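Below are two complexes that have chain A in common, paired first with chain B and then with chain C.
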Partner chain A sequence: MSFPIYVIYSAGLFLWTISSIHYDSPLPAAQYGLGQLLILAALTIMFMADKGKKAIPGLVIAAVFCSLGLSIAYRFAGEKASIQLEDVYTGDLISMIVVFFIVYLLIRFTNIYRIKLINLLAGGGLLLAVYGARLTSALTGGSYLYFGGIMIFGWALLAFPFTAAFLISRREDSYVRGNVRSLPWNLMLMLLYVIILFAGCVLCNEFGLILIIGLTATVLFFIRCRNLLTKCFYTISCAGAAVLSAMKVPHVHDRMQIWLHPAAAAGSEDLAGKAESVLYLFRHLGQAGLWGRGIGSLPVSYYPTLNTDHVMVTLINDYSLILAGLVLALSLFFIRWLLTLPDGLCGYDRYLNLTTALLFGFLILVHTASNLGSFLTAGIGFPWISEGSSVNIMLTVLLAVHCGLLGKKAIS
Partner chain B sequence: MIFYRKKHYRVRVLTAFAAALLASLLLFGLRAADGSCQTPMSVGQVILSAKEYSLGQVQDRNGTVVLQGKGKETVWTDPQVRSSLEPVMGEDPERSMLSRSTILANCPWVFGTEDNRFRLSVLLNPFSSRKGEDVRLTIDAGLQTGIAQAVEASGFDKVCLVVSNYKTGEILGLYGNIMQDTFHPGSTIKPILAASALSIDPDLASYIYNCADKNHNFSTSSGPFRINCIDGTEHGSINMTDAIAYSCNGYFVSLLQQTGSTAMLKELEKWGFDTVVHYPQFSYTDHSFLGSSRQDCDYLLAGIGQANAKITPIGMNMCTNAILNHGQMENPRWISARGRDGRWTAVDGEGSRQVCSREAADQICKMMLAVTEKGTGRSFALPGFAAKTGTAQKSSESGSLSEKCTVWTTGGLTDEKMPYSVTVCLDDVKSTTTSADAGRLARDILKLVLKGEAQ
Partner chain C sequence: MKMLFELLTIAALGFLTLQMGFSCRKTDAGEGAAQAAWTVRALRLQPAKRTLWSLLAGLPSGSGDSAGLPLDSCFLGNGLFDDCKVDAAGPRIRLYLNVQEDQIWLTVLTGSIVIGGSRYRRDPRSRIAIHDLDRIKLRDIELEFVKRR
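Moving on, here comes the complex of A and B:
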């Protein structure tokens, strides 16, 4: 049932989008149409290949998000749409689909992702990427964001679940002070790894990544750790670090001010520009109403990140509050789907899947909350709806991991 | 079998996500509902709104529609009202929003900025048209038409004119760029100086000056400086009432020297001279007296409305209003209410400040009555019309005095049941045109106001 609904939805969205914005060049519409066909083709293949149909609900939701991503990309294409596919969302989509099938097949039919060396390489590679970005890349908006042409956020999305799952699922055969109720060494190692990762993120000024990794690691730690005292100590340490950074790091301090007092920030000389993206929705919500102001009504010249970090603002303003609400409802279904797994898989697989689900969940949550002014502005995109080649490709890898795990047989 | 059981940590994780998402939506909803984040739109955002909305109705004080949007077009209902109001209406936000000197720039809701599409009618009909809210002005369309006709009949090219209610600060009619264009006030500044002097020292009301040839040389730090009365007239021994009635320059220059510059400049600041004043409903060019100059001769020349003394017609009208209103200067207003679907709410803009003592203002008001009874304003006398005329010579581009003049008449009716004032400024006129010409136009406009009142 979900498949035909998706077909109707994507066709409707396509017609609505291209009738709202007309370009002289047919290229943007052609790219949009091609993207839609590619998604449909990939979905059809999976529909036929996945006999248990366990993967289909989540894939359809992902396709809904990708379809919206195509619409957003068309909306922001401008007259001078690139003829180079690697520069446009449709080009990313080709990479995403190819990567999806490769990873899906590897996860579902092989166990090479469980090899210790590969997981160690992933963990080491992530540290290399983060510290390497600080050493090799140029400043982009005050941060060192790229390593090897790929955003370190993307590297983190790819490598962190494997590393975290590997560390957490190690045999817990030694504990601090030899007490079985104390912190196990594998969890201690994971915390150490996260701290080293954090230090690199601070050097790169990549606070959005700290937030996502920090939240994910915290949930993993709380699920795994059985010692209440350790949990309390961890909570106090994290809260202390957060308060300290809010007070001492100007970047974080500014965002805290904007979050707590957006209207006052608008009147401040230093923060006025930064508070605009938060205040926009409050000012224009009435004008948008339930039905939105129409696709293309908010020019990117006012808010350059409307197709990336503030895509929820675009959805509410242009596409309607109803559609934004549906996207959020689907997001919850998506997270639910990500959290489901067949019985009998090994601990590593379960933690890999859980970390994947947590990452998606926090991306959606932080993006939505920061766009609505309910949380710090974090500079994080919405999975697949926001533009961003490397991050979207890495998210597709995680999607493929889950789909692969859904099809795996239980360990006897 | 799918691994998904109640009370399992995965269920708790999902519940936590749902709760967090709900909490963020709730916080957003609460903030949106209490309006704490409802900061005013930026200029760019207003312009953006205006592109989606058709203009709301602009009504005059009697509810007559003056201007309204039809789709993306704007339609004026009366070409004569249009000719006088269009320059200050600001119907094109891209041109007018950067300054607050147009009417619509001060009521952006007409461009749809305050639209709330959560109304039931819109929720049921997503395709309902986007239309800005309405605005009711303090301006009277009938009077505005009359002003346009009177100005046209007068034959003068550069006319600035404003009619207002000095009790409320409401602008009833206007012509020309009364907010931005500044002119030398000439002798119309004298009642302001007199009121300020009396606020400093009430005994100065009995000050007598001997307007004789030998007394027109005034001492300054750079030596004697001569200022004559108009056409070299000598008024003889003259008191303040007659000095205002006959516009004796020597009296007021001498009065300036009596009060001392520090005290006088401080008093003049209350009237808005050489300072910055903000009003809720518009911005205008602030008036100046001495400006940046510190020279004695400029100070003395400013006393007869020349040198750096400059004022907008609305500024002069506000000062006149303060004298007529016992020294109380009401905030000028041209927007009275905001409306949607026939429901109107008053727009904040009221406020006032005391610019001189009540006694001083009342004394000067009586003296201004003498202007039309026996002084320079006899030719445009009207019962209860307290006025002051003024003529200022314009300077040429090289800085020397030119043949052209600016002539003024400003005044109002002392009967507080008809609290109307009028300021007329004719610019770039030849020396054959006198302030009495401006006065006659002012009188005709006042008659129009009274006629409208009677109807």
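Moving on, here comes the complex of A and C:
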């Protein structure tokens, strides 16, 4: 039943978007239409292949987000200099679908992702990407964000779940100082790994990644660590590091000021142009009302990241508060779906799935909170609705991992 | 016309959200519970002393019970916050079980236990290997560990 409703939704959104914004060139509309057809085709294949239909609810929600991503991409197409396929959302969508099916088949029908060497390579590769970005990439907005043409945020989304699951699910064979009350060595290694990763992120000035990985690692650590004193020490260390970065890192300090004192920040010359997205909602939410102000009503010059880090502001203003609310409700169901798994899978699979669900959950939570002014601007996009090819492709990999795990049999 | 498309989109999305909500409630995909590799069976050796504490803690009042142990670590003892609770009388007993495929590594964190006539007291640095059908005694409770085939 969800499949035909999705078709109605995507057709309605397509017609709504096309009738709202007209371009001289037919290319943006053609790319949008092609993207919709690609999503439909992928969904149809999965609908036929997934016998138990366990993957369908999550895939339909992901398709809803991708459709919105296409609409947002069309809405901002006029602002772009290039409309080549590799530079637009439809091009990303082709890569996402291809990657999805490859990873889905690998996870569902093989166990190669559990091989120790592959997981070690993933962990090492992530460190290489983070430190390599600092050494090789050019500055982008004050940060070193790319390694090998892919955002390090994307590298982290791909590699961290595998590395974390590998380290956490190791057998507890020895403990720090030989005392069972202390940390087991596998958990200690995970902590050390995360600290080294964070140091690289600090060098790259990529604090959004620290936030997401930090939140995910904290939940995993608290689940596995059974020593209250260690948990307290960990919490105090994290809180101390957060306060230190808020005081000493200039752009984090600025964002903190905007978050805590938005009215004062609006009048500050030093913060000019940095507080607009948060303040926009406060000033214009009444005008947007429940039904929005219409697609294309918010000029991109108002804030340059309205199709990426501040896409929720665009949804509320252009597409209506109701639609944004429904998207958030669907996000909750999506996380709930990500947390379901067949009983009896091995520890590695369960932690891999949990890490995936946590990453999605924190991405959505931090993005929404940042956009609504409940949290400082974190520079995090909404999965698939925000533009960002490498991050969206890596999120699709995680989606494929979960779909593959849903189809796996319990270990005997 | 734009209004019509907007209504159509939002109505379809609303319907889809409702449907997802219902499908989440009745999902049969499972909660990802780990498969138990061992079973621990508890047998009471003498009548239980019912106290207000044991009543509040919701400890079982029967003469025997069993639980599955997945390949993981857990606390077993007579405290309220232990993962696997036993209704052993007297002062606090707390054991750390590191459940592995071939054996269980047991560490006595609080109190003492008896295995095969030998008493093991609190020692967080030592690990005792428990094999299939081994029995341990926690005062008035005897636990038997059985490996699942």
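What we mean here is this: the second predicted complex is superposed on the first by the 407 of 412 C-alpha atoms of A that agree within 3 Å, B and C clash if a C-alpha of one lies under 4 Å from a C-alpha of the other, contacts with A are read in each partner's own complex, and residues count from 1 in each chain.
Just so we're on the same page, a residue touches a chain if its C-beta (ideal position, glycine included) is under 8 Å from a C-beta of that chain, and two chains touch if they have at least 3 such contacts.
As the structure is a computational prediction, the values presented were derived from the model and not from experiment.
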| item | value |
| --- | --- |
| First, second, both or neither for A:289, with chain B first and chain C second | first |
| Partner chain in contact with A:13 - chain B first, chain C second, else both or neither | second |
| Contacts of A:361 with chain B and chain C, given as first, second, both or neither | first |
| Which superposed partner A:219 touches (first chain B, second chain C, both, neither) | first |
| Partner chain(s) touched by A:262 [first = chain B, second = chain C, both, neither] | first |
| First, second, both or neither for A:339, with chain B first and chain C second | both |
| Which superposed partner A:48 touches (first chain B, second chain C, both, neither) | neither |
| Touching partner for A:117 - first (chain B), second (chain C), both, neither | neither |
| Contacts of A:57 with chain B and chain C, given as first, second, both or neither | second |
| Intersection of the chain A residues that touch chain B with those that touch chain C | 54, 291, 294, 336, 339-343, 345, 354 |
| Complex interface listing, chain A residues touching chain C | 1-2, 5-6, 8-9, 11-13, 15-16, 19-20, 54, 57, 60-61, 64, 171-172, 178-181, 226, 291-292, 294, 320, 322-323, 326-327, 329-330, 333, 336-337, 339-347, 350, 353-354, 406, 410-411 |
| Interfacial residue positions of chain C with respect to chain A in the complex | 1-2, 5-6, 8-10, 12-17, 19-21, 23-24, 27, 29-35, 71-73, 75, 96, 98, 100, 105, 107, 109, 124-125, 127 |
| Residue ranges of chain B in contact with chain A within the complex | 1-4, 9-10, 13-14, 17-18, 20-21, 23-25, 27-28, 31-32, 36-39, 41-42, 44-45, 48-49, 52, 112-118, 122-123, 126, 130 |
| Chain B contact footprint on chain A (complex, rising order) | 54, 219, 223, 262-263, 266-267, 276, 278-291, 293-294, 297-299, 302, 328, 331-332, 335-336, 339-343, 345, 354, 357-358, 361, 364-365, 368-369, 372-375 |
